[in-house]
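Have a look at the structure below, then the notes.
Letters A, B, C and D name the chains as they come in the text, with residue numbers starting at 1 for each one.
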């Protein structure tokens, strides 16, 4: 295990973490402001990916497709908010979970009907198709640097919006104390609609960004959804800063676990046992992390909701 | 006199068909495949392959009208058990066919065998059913799970590769794949990487591979995992530098997604749509005409499973309720398999040839695999010797 | 005579902020000891440490002479520390009687029996009715909490707390949110319990405090700045500036 | 009090109907299918104790089902064929895992509880996947069912049906008794106001933990029954989606009523089967059904009952 390899894996971990942040940001925002558990976030991510894939085929350009897909996912978010979410804000978490789970089932099946069950993919855009030589025999695709950039950019943008605008002030207020926001005379319904649509667009953006490196297929949002929930719960629900740091931690723990767990175990046990235990352990790594964090900090690393 | 004989024969023939029609209803076949989730495309190939064969025979198998009840196992073994009980007891099927995944196969095997129903696999071939737990009610038109991996192991050995990295998902089929590969590859395993099932991003593993600098990589990554791996393998600049050997990773279910990224990569299989055998050409042409996409080996296996049933029912003289006759029929089935030579072993698995196949881009812009080198001739699985059936 | 409750140098910091700064006070048998202080003085944190919800960084809590600093809240309750909450805390979907019965069961050995105990239930019913009668809620026994008025809930909380047969009653702003008439009735009710049980009273309503309390302590920025009889405290110039100066702001 | 009586009446009717089923001359598959639903219903009823009465949304409940079935399956694979040994092992293993993980989990609440139970469920799932000697991800086929008193009585589907029905009735009885007990009242009270309940001298975390453990034990029993019924155990039994399905059963049936969970289990599983027979794209219909059920009913099936009774 050379130092170079360790550095490369750390970079890979950060890149994976930033990808997770892209997905988790919208989820934690919606959850934080409205106290709404939106399981449909994963299918919104999938819709972003499918729209990009289809539009890229039609228009022939990845960036055109990306630009078109964003308002479309926003629109779909609005429709979903109007039809399903809005009546559920006042209800308990369980009702929200049940209804948005229904949305997952519908959209996954509808996508399969519309585009088939086979995975489809999007070529890497020409301008980002190069690669950087990281170590002997290994290239780091420029596109992955673009994902790192997009993740950092989104984080910066969210920070600016949330810390610097009136919209952001309301979002922060909503995450800490929702009744207070309505007491301020703000039309809470409009705020909620805006946040949900914005969250859907963030999910769609994440989905669009991963299309050149991941396959686009029905159900692709389900696994990501769980990871995103791990991120926001570890980070502290509603906290963008928490989501950012938690995403990096989860990305690093997962990647480094996958890279080195088995090798490290080989130091203390036989190779075949290590081959047996290592992979199981690294699959569990992020869950162990989450259980550990929650055991000591039940509200996550950066709780945003005030205690009283 | 001659006219009389003809008339007599015709009358006898008429009486015979009338007799069988009265005595027997339709041959009922339950087809269980995975049609939900990310692996649904495999089940789709199986379904379409089987239906094509049935359609070409006017809805008859072995001269008997056949009716297919299609069910989706959702890739949940306990759901599969429930559904197969429905097929056996409610729909009273004579044969259960299809079955995409080994865990589903292991779940339904017992209830199917207990009810003395035939189980004709057109994909999954788990080792217990080939060895100690073999059954006279089980027949496969595909392979034993290890064999395609053995093909690549043998190939790597023949090519003189010294150090190989093996990368498979951390589940039973993945471990079987690694075992199958190592059975014939005697060189050094530079590293054995077990990835998570359903893993999306392989950059960490690819970095390890690049650091290990092996002569070749062997991988088994079915479905979407394979698509991601192949794309990322190419993007990381490993494609073309380190030979990529695989099984069930690059085939016609994933090629529409991987496209150019997969061209030149190698896999192990008993058949590929680029095969030049006349039976194969006819099958591929008919399939593409009917369904508009290139069939993968899953479609071919299911097509052959219909031919296998056809031959067995024919050999039993249409008496598909006669278990002994049908067993004999399956054992000695004679049909022109799309893959070429086919012989049923004592454990119900085929003895067949295996090839290294390569991804090519066709003139019409579609992608497919084609055989480039025969690795095994009349290859038998290693578990057959544990099977008590003779 | 030992104090029912004694705090010795309780200290709690949140980061750099010292919320409780070596607080020491006691509550003697038969007295109502009032704790007053402006908003943000650290009253809630102090109550949390007494009740066992918050662990102090330093200092000790004695209940009837016994050191309970290390005991969790539930155990302190069983040892005789009953409390009411600033914001009415009752089990909303249960009736008044069930709320009091919950407290009675809470001090019985069978409080966590996994099967119904008819004997215990009969006793609970009867004792709950007595408890409700004591606070004037006898005719509201089968009304769900959600249908009770604010004042009635306050009284019910008292009844539930008393049903624990505690050594000490911790009252966290019992008059908060009550109307004028309700306040009057509650002050009367609390006064009537004086002989029965010693109390630590945290309250903003100065009229009520000076009417009820035998002794008053003033908490400012986590520190007790004055302690004495109501008239002593009222006369203290330090208190007037520190406390009354900020009271407008607090409202 | 009339509500209690009505609940008992409905429960009695449902169990009576289930007991009569084998005598109606129905085909065998109806029986095994019903038996499977009943086994799942045991787990749903147990989850109702945690979720409906305790207000703890556990997304790891299927792990206990899986642990129970693996305990039974591994014993059978090792030729320990006695049913009761399997039963004790399954219930014990599930209870033990719940005791250890629950001790951590009950310290959290809300969405943190959901996620931490999911995490513990996933850990069990990955361990089962790694059990190569017992089939790993492919699962383990049990070539014969367990024996009772050395006889192969359970090999007959009807006998196993009655055994499962017995444990279903027993679970319902236990959950009803517990919810009416001082423990159950404290659990219910702690759902709406844990602070108050603590101030009254109850150790809320301990109350929650034991409810969690009891539910796990019942679910472990269900796992043992499922293993024998389907003669197969696999990690898929403890996938988190299965835990989600249990939650759907409880909420759809009506949380906190016991018979609602029973009705929910039947409604969900029968609906899934019926819709999937009707169309391969049944998930669209099922999803639509879930959304409409949430939007237009409150309190699930039991809630509908309450309103129409008025």
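Please note the rule applied: a contact is a pair of C-beta atoms (placed from the backbone, for glycine too) under 8 Å apart; a residue touches a chain by one contact, two chains touch by 3 or more.
Please read these numbers as outputs of a predicted model, since none were measured by experiment.
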| item | value |
| --- | --- |
| Third chains touching both chain D and chain C | none |
| Which of B-D and A-D has more C-beta pairs touching across its chains | A-D |
| From chain A, the most remote chain by mean C-alpha position | C |
| Mean-CA-position distance for chain B and chain A (Å) | 37 |
| Centre distance in Å when chain A and chain D are each reduced to the mean of their C-alpha atoms | 32 |
| Averaged-CA centre spacing for the pair chain C and chain B, given as whole angstrom | 74 |
| For chain D, residues contacting two or more additional chains | 129-130, 132, 283 |
| Junction residues of chain B, two or more chains touched | 35, 170 |
| Chains grouped in pairs wherever the two touch, ordered by label | A-B, A-D, B-D, C-D |
| Footprint of chain B on chain A - complex, ascending | 2, 4-5, 8-9, 12-13, 15-16, 19, 112, 116-121, 123-124, 131, 134-141, 143-144, 213-220, 223-224, 255-256, 258-259, 262, 275, 278-280, 282-283 |
| Of chain A, residues touching chain D in the complex | 31, 37, 84, 87-88, 91, 93-95, 97-99, 101-106, 108-110, 113, 226, 229-230, 233, 237, 276-277, 279-280, 283-284, 287-288, 290-291, 294-295, 298-300 |
| Chain D residues within the chain A interface of the complex | 51, 57, 104, 107-112, 115-116, 118-120, 122-123, 126-127, 129-130, 132, 240, 244, 247-248, 251-252, 255, 281, 283-284, 286-291, 293-295 |
| Complex interface listing, chain D residues touching chain B | 27-29, 32-33, 36, 129-130, 132, 135-143, 226, 230-232, 234, 236-237, 239, 273, 276, 280, 283 |
| Residues of chain C touching chain D in the complex | 51, 53, 72-75, 77-78, 82-83, 85, 89-94, 98, 102-103, 105-107, 110-117, 120, 160-161, 164 |
